[in-house]
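Common to both upcoming complexes is subunit A, partnered first by subunit B, then by subunit C.
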Partner chain A sequence: MAHALPPPARQTGPLVWLRRHFFATWYDAVFTLVFAVLIFWVLDNVIGWAFVDAIWRVENREMCTHDAGACWAVIESRGRLILFGLYPYEEQWRSTIACLVVIVTIILSCLPVFWSLRRLPVLWIGGFAAFVLLMRGGFAGLEVVTSEQWGGLSLTIFIFAAVFVIGMPLAVLFALARRSSMPVIAKSFGLIIDIVRSLPLLTLLFAAAVVVPLLVPEAIQGNKLMRVVVAFAIFFAAYQAEILRAGLQSTPQGQEEAAIALGMPYWSVVADVLLPQAFRNTLPSTINQAVITFKETSIVTIIGFFEVMASGNAAIGNGEWGNQYIEVYVFLALIYFVFVFGLSRYGAWLETRMRLGHG
Partner chain B sequence: MKRQITNLIAAGTLALSGAVAAQAQDQGVLDTIIERDSLLCTGHNGSYLGFAEVDAQGAWQGFDIEFCKALATAILGSPDKVQIIPVSWAQRFPAIQSGDIDVIIKVTGWTMTRDTELGLQYSRPYFIGPFYVMSKTELGATGIADLEGGVFCVNAGTTIERVLTDYMETKGIAYEPLAFEKGEELRAAFYAGRCDAIAGFGPFLSATRINAENPDDYEILGDVLALEPEGIVVRQGEDDFLDVINWMVSALLMAEEAGVTQANVDEMKANPPSASVERLLGVTPGVGERLGLSDDWAYNVIKTVGNYGEIYDRTVGDGSRYKLPRGLNNLWNNGGLLYPLVMD
Partner chain C sequence: MQQLFASHKFRRFAIQAGFVIVAILILVSLVLTGQRNIADQGIATGFGFLERTTGWPMNFSVIEVTGRSTYARVLWAGLLNTMLVGFMTLIFATVLGLLLALMRVSTNTVMKLVGATYVEIFRNVPVILQVFFWYAILTHLPSPRAAYAMNDVIFLSNRGLMLPAPMLSASDLWLLAAALAAGTFNLWRARAKPGTGRRWALVLVSYAVLFALLLVTGRAPDAPLVSVPELKGLRYVGGITLKPEFTALLVGLVLFGASYIGEIMRGGLLSVDRGKLEAGRALGLSTFQINRFIRVPLAFRAMLPALSNQYIWLMKATTVGIAIGYPDYFAVVSTSINQSGQTMELLALLMGGFIVINYSIGFVLNTVNERIKLKGRS
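The block that comes next holds the complex of A and B.
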């Protein structure tokens, strides 16, 4: 009769865990120690600079010397400039609400409940209309604020959201057209995509902002912000179309053929069979593209828009706060981080969810 | 002070815009401004030390902004009728061609290419932009020649890099250049002692100096590397508008020369000390008409922003944080290069 051995003694507890993971061999131990010292040293410096030795209030402005820690007083003094740009001071509450409206719209449209052709457009049109009305004013006694004066975080978020919302349908159109069975359409859209991709974004935006008004009659010019958003959206669409095309091509040919054989109309084949799979397969690259686009919005400063990065530069561009650029850049980095990190986490959540839905 | 990359882009788009700049203007800019009841003037996409800055309330201020206000006051009677449009360096010329702005007042050097090929017209210089060298006081240098062999830090890709090279080559002074992409980096390197001297535009050096822990450790040397006469820019063919601008600059200088200030302008108007002050302040009837303005246009300007010296002092001079010496921007009788024209 076989003798069952008793189970090995359970080795648990923090010390065992520590030994197994960090001190299993002598070189593990060396690495652990070296990095522990390094991490401690970095953290100590960062925390010392950002918190312990930091100067928080404008009253203590004189204490902001070169030996002291972070001078967060600059954020107290110039924070509103960074967040709102040139938007009139007394009216900045409008910019705050408008910014929140767009953020809520973005969050809502991330929820699967809103993913229908009826709900999503309503949500977006409503969200954008509310944003523009609030920012622009001119009704119910609100002062008119032209788009030249829009700025700061709300402008950044508006540009991003508008580019994404206009660019995504365009991207779908480009991708489908490039795969079209009609050679004229396929070739010409291929050419459009390649031309747009071969131009630097800066040139495209510059042309939209300053060259278009010289060439196009005033009636159909639209305002500068609109032109820039459209140009940016076309740029986004050219890249996103290629990502989607990869997704479309990765769906087995048989599925499309089967759907057609079943007598499904073209749009149904696209909307119900191809696109959902294409989007799922390319989700990581799409999130990637969204993140890049969010960060690239700062490029509009070259055509005189006061988005959050330009306002940050304006905040440090005077004699009084000229030395506090590190603090302002850290503040800006945190703003970008919050949004980009949120976007990445959302992408990860979406991936899990889709995998679950797919069995 | 202008980045080469953005200049390249500007040049590209300008080649295009120059071709279509001939777009017919039905009416002059001056009439458009009066009809619109507001003047579209240049700001900056950020802040440009001393010249166009944004304060904590988001309001524009600075030397160039004061001139925008002065121009709006001369034409429309009120400094509130100016609208500051933020534009980048690269964008300013296309923007004036397309009518996004009426006038460029943005430390814009008067160069031949711009004047001839870009379809622009310059006013008489309203500011002489000097490039200086600042060094550490402990080196005891009295001129640039004393810094032979030293490390000179500059902003990469800007006019100053070329200006410094030219100067040093002409004078045969050996030096070691060290370029930095951003102004902040440049300053940090200078404070940290990596450079013996930095070369740059006057206001930038002043700001660097006053922001140092101990400003007395640094000294701006008297040698001028180069000058860039800065003019106010309008589209080619806007003669009436340019007249107004030239006489506005002149009026500000004339007021300083005659001792007319923001504080005493009412007194001077009631009791003009000379015939030229009489004409300046519009006591003599008909003087404004010649420019298409009201007779008291210059009075309004001085009442609103003060004379040239007062503007300078408040924004970049002793009354500001920058403490930039008047130097060449003084009146001719104080050793400077500026002078009013004759108002007869």
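The block that comes next holds the complex of A and C.
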């Protein structure tokens, strides 16, 4: 008769935990030690540079040498240039409020209360209109500030919001057209979407800025910023249309057929049955696309717009703060990081929530 | 008439016909306006300008380009520059991404933490900002006289990264290419017909011997095997120099791309069904065998579509090189437009070039995907 084996050794406790997570094998132990030393070294240097040895105020700026830590005085001195560009100094409070309005709009649209095909567009168009009115002025005694003077972070936010507001309806149109049962329309839009997707964003923006004036009568050209925003919106729409198409395909065929059988008109089938589900199913990918779009707004700096990337470069462009390029780039990176990391964490949270079946 | 409009079939036909007519009208009006505007500027249309000389130099190119080169050659050089930095990005980013993915799926908490931190930092900052950052760092390095040196063979200064380079003659290079072709053929044959490996190993060894012989005999008596960069006056001579523009673009794209590729690969590795791994263990396979025969092949299939999208994305992202003065295809086309005014022709070439590159990558990866796709039910 076989005799009973002893129970397995205790598998809990801090020592077991430590062993499993840090020293499972001999090479795990080596990696752990090497990386621990590396982490310590990096943290020590970064904290020393960014906080301990840093120089914060402009009046101490002669202490900014190569041996000292970060010279954050450059941000104190150039921060307004980076954030507002060439926007008139006295009117910069308007730019601040306008940016806050858009940020609040973004945060509100993350709340499920607003997830309906009526509330979301109203929210975004309202937020965007408020932004443009505040930035432009010309009413209630506010001075007119034309879009040529917009710059810095507010221009970045304007481009992002405008691309989103124009691009989203376009994306719906593209996705529906590509799925259309009419072959000519489905094929043409398929071709347009595929071509736009295979081109770099920069070439499209460049074409909008430089080539469109040659091809389009002057009356409907608009200014350069408008053309570039529309081109960017088309680029966004081509990608977002493919995401929506996947969402439309994932709704069961029977639902569309049932809606048609009930005699619902086409637009009602689309707006009340298909789109709500398509948007809901693809919410994580849509947020991911928004994140990518926010990062890619930095590309317009190449075709000569003064958004936050360009104003950052301008801040270190003159000799006065020329050596503080690392500080300025780190500051810019932090600005982008806050937006992008926040949004992408939200997307990841949403994805797990939907996978668990709460969606 | 009323009935005609009520007919579903006719309505569909009318909508499509209307769409085609409007599209043609828009296109025709664009072309007409364009022709008139270009004629007003006194620019000849057509591709004749490709034969003209450019008159401006390129600061970096794989093939030799001078101010006397034709537009066609300069554009070709730009396309080669794009492909050089693009393919090098794909290779390095894939290797680094694989390392990151392995770190993130390991059981070691420290490595997980390092991998996650890397990905979050580099993925959430725009690539153009990263490229600007590395370019600023590289151009603020000390001058060649005070360059950072590593064992006196590698130098880093504000003129770029100087590396030693092997000095190979043309016959050496041909032999290497032949050996490479033979090796690839061998691999392909060994798949189709097992048991031919040993004979091919012999062929490869003889290639190696021949190469070594050529290396020793087929060169000038004093020529060194490796050319090492050396400070002569104000600049370095010998070796190869990676200009700051090229290095910054490559480093920026690789570090950024690796964070995305790492996440794709992690997703692929995690997507492998646990039951299949446990089945392998139940069959008595070792950890290495489980990884080699179950996990990696399945993960590779799962990640390939996302990976090919990312490769195409990275290829397109090389266009940010213009921001720091790397003469890639886009930069060359945009300078050519400024200089020659042949806007429409150059824009068509620009878009055509990218469509060809991206469709080729997509085609290759799709073919691979078709070949390795699991047949039957998955």
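Basically, the second predicted complex is superposed on the first by the 281 of 359 C-alpha atoms of A that agree within 3 Å, B and C clash if a C-alpha of one lies under 4 Å from a C-alpha of the other, contacts with A are read in each partner's own complex, and residues count from 1 in each chain.
Note that in this section a residue touches a chain if its C-beta (ideal position, glycine included) is under 8 Å from a C-beta of that chain, and two chains touch if they have at least 3 such contacts.
Treat the numbers as computed from the prediction; the structure is a model and nothing was measured.
Bringing the complexes onto one copy of subunit A puts subunit B in a clash with subunit C. When the two complexes are overlaid on their common chain A, residue A:T251 makes contact with neither subunit B nor subunit C.
In the overlay built on the shared chain, the residue A:T96 is in contact with neither subunit B nor subunit C.
Look at A:I302: by the touch rule set out above, it reaches both subunit B and subunit C. When the two complexes are overlaid on their common chain A, residue A:A207 makes contact with subunit B and with subunit C alike.
In the superposed pair of complexes, A:Y325 makes contact with subunit B and with subunit C alike.
In the superposition on chain A, contact of A:E148 is made with subunit B only, not with subunit C. Once chain A of one complex is fitted onto chain A of the other, the partner contacts of A:N288 are absent, as it touches neither subunit B nor subunit C.
In the superposed pair of complexes, A:R20 makes contact with subunit C only, with no contact to subunit B.
By the touch criterion stated above, A:Q277 is placed in contact with neither subunit B nor subunit C. Among the candidate segments 147-155, 219-227 or 237-245, the part of subunit B whose C-alpha atoms clash with subunit C in the superposed model is 147-155.
Overlaid on A, the two complexes show subunit B and subunit C touching the same residues of subunit A, namely 202-203, 206-207, 210-211, 214-215, 301-302, 313, 316, 323, 325.
Here subunit A touches subunit C in the complex through residues 20-22, 24, 28, 31-32, 35-36, 38-39, 181-185, 188, 195, 198-203, 206-207, 210-211, 214-217, 295-296, 298-299, 301-302, 309, 313, 316, 323, 325-326, 329, 332-333, 336-337, 340-341, 344, going by the rule given at the top. Taken together, the subunit A residues at the contact with subunit B in this complex read 65-66, 77-78, 80-81, 84-89, 148, 151, 202-203, 206-207, 209-211, 213-215, 224, 301-306, 310-311, 313-320, 322-323, 325. For subunit C in complex with subunit A, the residues that touch the partner chain are 12, 15-16, 19-20, 23, 30-31, 33-34, 37-38, 107-111, 113-114, 120-121, 124-129, 132-133, 136-137, 140, 312, 316-317, 319-320, 322-323, 330, 334, 337, 343-344, 347, 350-351, 354-355, 358-359. Interface residues of subunit B, counted against subunit A in their complex, comprise 6, 9, 12-13, 16-17, 20-21, 23, 43-50, 53-59, 83, 85-88, 90-91, 94-95, 97-100, 184, 187, 191, 206-208, 210-211, 213, 320-322.
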